[in-house]
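Two complexes follow with chain A in common, the first pairing it with chain B and the second with chain C.
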Partner chain A sequence: MKRILSSITDGRGFDIGLVSLPLAFLFVLSGLPLVYNVVMSFQEVDMFSLGSFSRPFVGFKNYIDLFAQPETWPILLNTAIFVTASIAGQFLIGFGLALFFWVNFPGASWLRGLFLVSWVMPGLVVGAIWNWILSGDFGVLNFLLRETGVISGNIFWRSDPNYSLWAVIIANIWLGTSFNMILLSVGLSGIPKDLYEAAELDGANAFQRFWTITLPMMRSTIGAIVALGLIFTLQQFDLFAAITSGGPNNTSNVTQYWAWDLSFRQYDFAKGATISVIMIVFVMFASVVYVRSTRHEVRG
Partner chain B sequence: MSIRKYAMLGAFALASVSLPALSASAEDVTISVWSLDRDIQPAPNLIKDFNKMNTGIKVEYRQIQFDDVVSEAMRAYSTGQAPDIIAVDNPEHALFASRGAFLDLSEMIAKSSVVKPENYFKGPLASVTWDGKYYGIPKATNTIALYYNKDMFKAKGLDPNKPPQTWDELVEAARKLTDPAQNVYGITFSAKANEEGTFQFLPWAQMAGGGYDNINAEGAVKALDVWKTIIDEKLASPDTLTRSQWDATGTFNSGNAAMAISGPWEIDRMLAEAKFDWGVALLPVPEAGAERSSAMGDFNWAVFANTEHPEEAFKVLEYFVSQDDRMFKDFGQLPPRSDIAIPATGEPKKDAALQVFVEQLKYAKPRGPHPAWPKISKAIQDAIQAALTGQMSSKEALDQAAEKIKAVLG
Partner chain C sequence: MTLQIELNGVNKFYGSYHALKNIDLAIEEGTFVALVGPSGCGKSTLLRSLAGLEKISAGEMKIAGARMNDVPPRKRDVAMVFQSYALYPHMTVEENLTYSLRIRGVKKAEALKAAAEVATTTGLSHLMKRYPRELSGGQRQRVAMSRAIIRHPKAFLFDEPLSNLDAALRVHMRKEIRALHDRLGATSVYVTHDQIEAMTMADHVVVMRDGVIEQQGRPLDLYDRPANRFVAGFIGSPAMNFIPAVVEDDGAHLALDLGATKARLSLVAPVAPGASVTVGIRPEHIRIVGAGQGAFNIPVGVVESTGSATYITSATQPELMVVETGRSAASGGELIGLAMDPRQLHIFDAETGKRLEPQKALLDAQITSRAAPHPAAATFSPS
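Presenting the complex of A and B:
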């Protein structure tokens, strides 16, 4: 008895106690809803059976119905394009900026801080502003492109099926770049300076130093950022709601917006849940990448 | 023994006589009302006035947000915490009525001296009707018509007192009024991929003999072709596909569009913002003499089926109905009734516009009613957008929509 007591105040019991609290928290607030969501995707749900748990199970019917819909594959493809292009854009520009500020000219840290403003802004506000910038007739972006001679006629970013998805991607890259930049800056400052000194003594040029020192030393940071980027872009909802609402004709629709539309606009909760399950699979994959790339960081 | 029995009976008799009296004076019946009306809109004000009358019924009000009405109501109903009365958007009324979530008010309406079905416009009344019974009372109504810029009509040699009457005239006028050099489009409306797109398109289909259950009718295809002509020839901004009615009419107010299709909710803003002479006309029809039609918006009152006080809830609704003549004067909303003459406001443009809207209301048709309306609406929106972006022909798009709707209607 005494052993158990003392283990709780100091020892394994204490550790288990500490761990079980957040675990219970996670289980109640994330685990249960996740399981509930998966269960819902195998049931027939409408708004009047939302309150009860005993709903008829329909097997894979929701999944089969979903993939029989003509818009499903285009929307999945849109999601893939959106995620890939957003991450690529955010990462490349973010890395470029991080390297730029790493040079450490006067005022660099100030400027870097200012860049974070875009990350602090609520998605809906960003969406509303980009909505104006991208507007076809009076948008600032069209004005700039026209005045610089890049285009001759207005591009209807939000309403032209060829551009609508890219309109949201542009806004999303703007929104996520600073987050990438800050994390990459942290990674860069963690690289010991003597490595570069040694390489310089051996006669490595800037490109070789970047390729053989910076990139390998940043591997875990980059892995974490790409994984986080995948999760953040799969979560991106506000910009779609504010800029295109998934239109025109689903050409800028992605799974996360579609799941919401099905559940809360068409009250087809089962299909909404089904799409969410498909998304969970992708996010799980990203989480594994994230955990693997950051596991070396924890030392104790 | 027997004495005690009699005493019990006596006490019981006494109690049963005195209870109703007691409950009326000592303990008021509480009726809860949910709607999305803000403090300057009808519900909270009518409730305040009602509570002042001390009828033994106390009304509690809760404001809900537009996007939450249905989901909140569902959640409350399925967990047994629904309010007694709710205001619900008219295309969603059937969803609740068909599932028995709303109380059938037919008998109470038949006995009522205040609520009389014959006083209502056909459209709003149809939206509360399910299976021949009344599951609610129309709260307010609105519809769409054609706003036009009289100054621009004059400048382009069109008669400002002869707005376009038919679709052909509308397209022709739009062609004349479009002036890219001045950043002016001929017309503006909303073909957005949400309920607004359906709201704007259905009247066109209905005028030409189509409808939500006959969406690929020849006339409906022609209607969509007219829309496509307008978009393809850039008589309206391509952003029509992603812009709400409110934003679209904003471009009319700023002088960037010469005509606009929208509802009476625009009038006050237009009076404040538009620096030109404008008028309102009935929606153009397919050809002279064709059947008119229009969209019908706004909310209905309904009583939830699991209310404990149906009689009292109905009394509250009767009070709301008795105040319908204040709807426009005090709150700027159109009462859903044909027997109430809307008094002049003294603002000539507003009064002229109102007359047109009241006339247009006679032709307003509800969306549905059908319990799966959101799915039907989605099929129509998808068709509009597929055709206007050129991904399908109007016929193909509407055929596909008809197919989807047939699956929903079963």
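Presenting the complex of A and C:
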């Protein structure tokens, strides 16, 4: 008894105590709901069995039913397009801006800080702003495109099935670009200046220096940011709620919005849980990429 | 010999800060030049200007006869070894070495062959697949040099390449770099704050301070005839002793001001009577003799012994340092006599610090008129 007590005050017991607190916290608030969600995806759940944990086990029935539904594949495709286009847009524009501010002209850091405004804004507010911009009749975007001659007639971004998903993608790119830019700026400033000087003396022009020094040195940052981008875009819910609500006719619906819709609007909790489990698999994959790429940092 | 590097009236401004002031420098092909000076003297700026990493504000810069003022670094064909080595951390040693060749579109097999050749001469063959982070400081240093050698550049620029190494390795690499320079027949410009490196490695030493070249020439010329007090104090270790003095009315004797200790030295050549001067004498040019037998007596302050030499610091104001090879019998508080050859005295103007050159003809006449060896020639006269 005495040994156990002394171990808590000045030994391994103390370390274990410190570690177990956050672990218990994580388990109760993240682990249990996650497990509950997975269990639910293998059960038959309705409004009446919602309160109890012992519900009929149905095996993979929920999964089979889900993929039998006609909207499932289009929604999965929408999700893939949403994630790919958002990450690509956020990353490319973010990298471009990071390189631009890296030049360090007067006021660069001040202006770069200003860009964070888009990131700190709540998704619903961003959605509301973009509703005005994207508006079919009097939206600024239509006005600009019309005046520059890109389009001849107005595009009804939010209600046209061909454009509804892209309306959310545009807003999401705007929302996430500054975060990408900040992380990439940090990565860029971590590259020692003398590497560029050495490369310059070795005969490399600006393009070659970017290709042989900047990009390889940024590999871990880029890996981390793409993985984080995948996680963040799969979490993006507010913009769908604010701009299209997944419509019209599911053309802008994605898994994360659909899971909520199934569970809390159609009260099909089991299917909502099933979709969530499918998403968990992708997010886990992204997390592994993220952890690995931040661990394998190349620093001279 | 042709001139490989030529600088005429080079100036560099950072805003209102004047970093390089009218630098004139002519470096012959195959010369090893050391730029030396305290930190902030402009030596690194000058080197970076040669590389093209800094743009000069005025003047002309030529490498191998071609004007380089507006030529970007990648077209200057000079190689630089950085203080931090600046190895590409994401490339193996082999990739680091072949980088410049690959950039220029040299065929892969050819580049690998060149890398293997260079690696053999620098002893890196067994490390070719390693990454820089897996190498020791000395090995990184070798990679940095090999990366420069493989290009056969018009000039090698070294920016304090040894300052990150430990003392023993530094002495070793000093010889290795010089040997490499001789073997390649290269033109090298070497920046250092360590005058020992400059003295031992270079054919031509350029001493800089505050953006100005204070003196340049062969290492021993700088040691024997420093142009001013700054160069005199900078070159040589331990540093030269400086004693304020006044030239006596006859113009042939100096009254030294050593605080409580008063001393008198005779000059080998006359200087304007009454002038305030600074007398410089190197610690290794002073001999210790019995009290009363030398030019003057001093009380001993601190005695430090390294085994091979003994450093004796006097308890005077200013302090005098004397180096005696081997062991010394002197101990603190004791009174000792100092003897010195007046021809090894350096006389500087007290105000400008410039070397006061006795008229040469006069000097020669005086030396020949005296007995050839100078046994404690400076006369001691109690004051």
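Quick note on the criterion: the second predicted complex is superposed on the first by the 281 of 300 C-alpha atoms of A that agree within 3 Å, B and C clash if a C-alpha of one lies under 4 Å from a C-alpha of the other, contacts with A are read in each partner's own complex, and residues count from 1 in each chain.
Note that a residue touches a chain if its C-beta (ideal position, glycine included) is under 8 Å from a C-beta of that chain, and two chains touch if they have at least 3 such contacts.
Everything quoted here is computed from the prediction, not taken from an experiment.
Of the two partner chains placed by the overlay, only chain C lies in contact with A:216; chain B stays clear of it.
Contacts of A:244 after superposition: chain B is touched, whereas chain C is not reached.
In the superposed pair of complexes, A:122 makes contact with neither chain B nor chain C. Of the two partner chains placed around the shared chain by superposition, chain C is the only one that A:203 touches, whereas chain B remains out of contact. With both complexes placed on chain A, chain A has more residues touched by B than by the other of chain B and chain C. When both complexes are overlaid on chain A, the residue A:194 reaches chain C alone and has no touch with chain B.
Annotation: chain A has no residue touching chain B in one complex and chain C in the other.
Those residues of chain A that touch chain C in the shared complex are 192, 194-195, 197-205, 208, 212-213, 216-217, 219, 298-300.
Residues of chain B that touch chain A in their complex: 67, 70-71, 74-75, 77-79, 95, 99, 101, 183, 192-194, 237-242, 251, 256, 374-375, 378, 382, 385-386, 388-389, 391. By the touch criterion given at the top, residues 51-53, 72-76, 78-80, 82, 84, 86-90, 99-100, 103-104, 132-133, 147, 151 of chain C touch chain A in their complex.
Taken together, the chain A residues at the contact with chain B in this complex read 47-52, 71, 135-138, 156, 158-161, 164, 243-251, 264-268.
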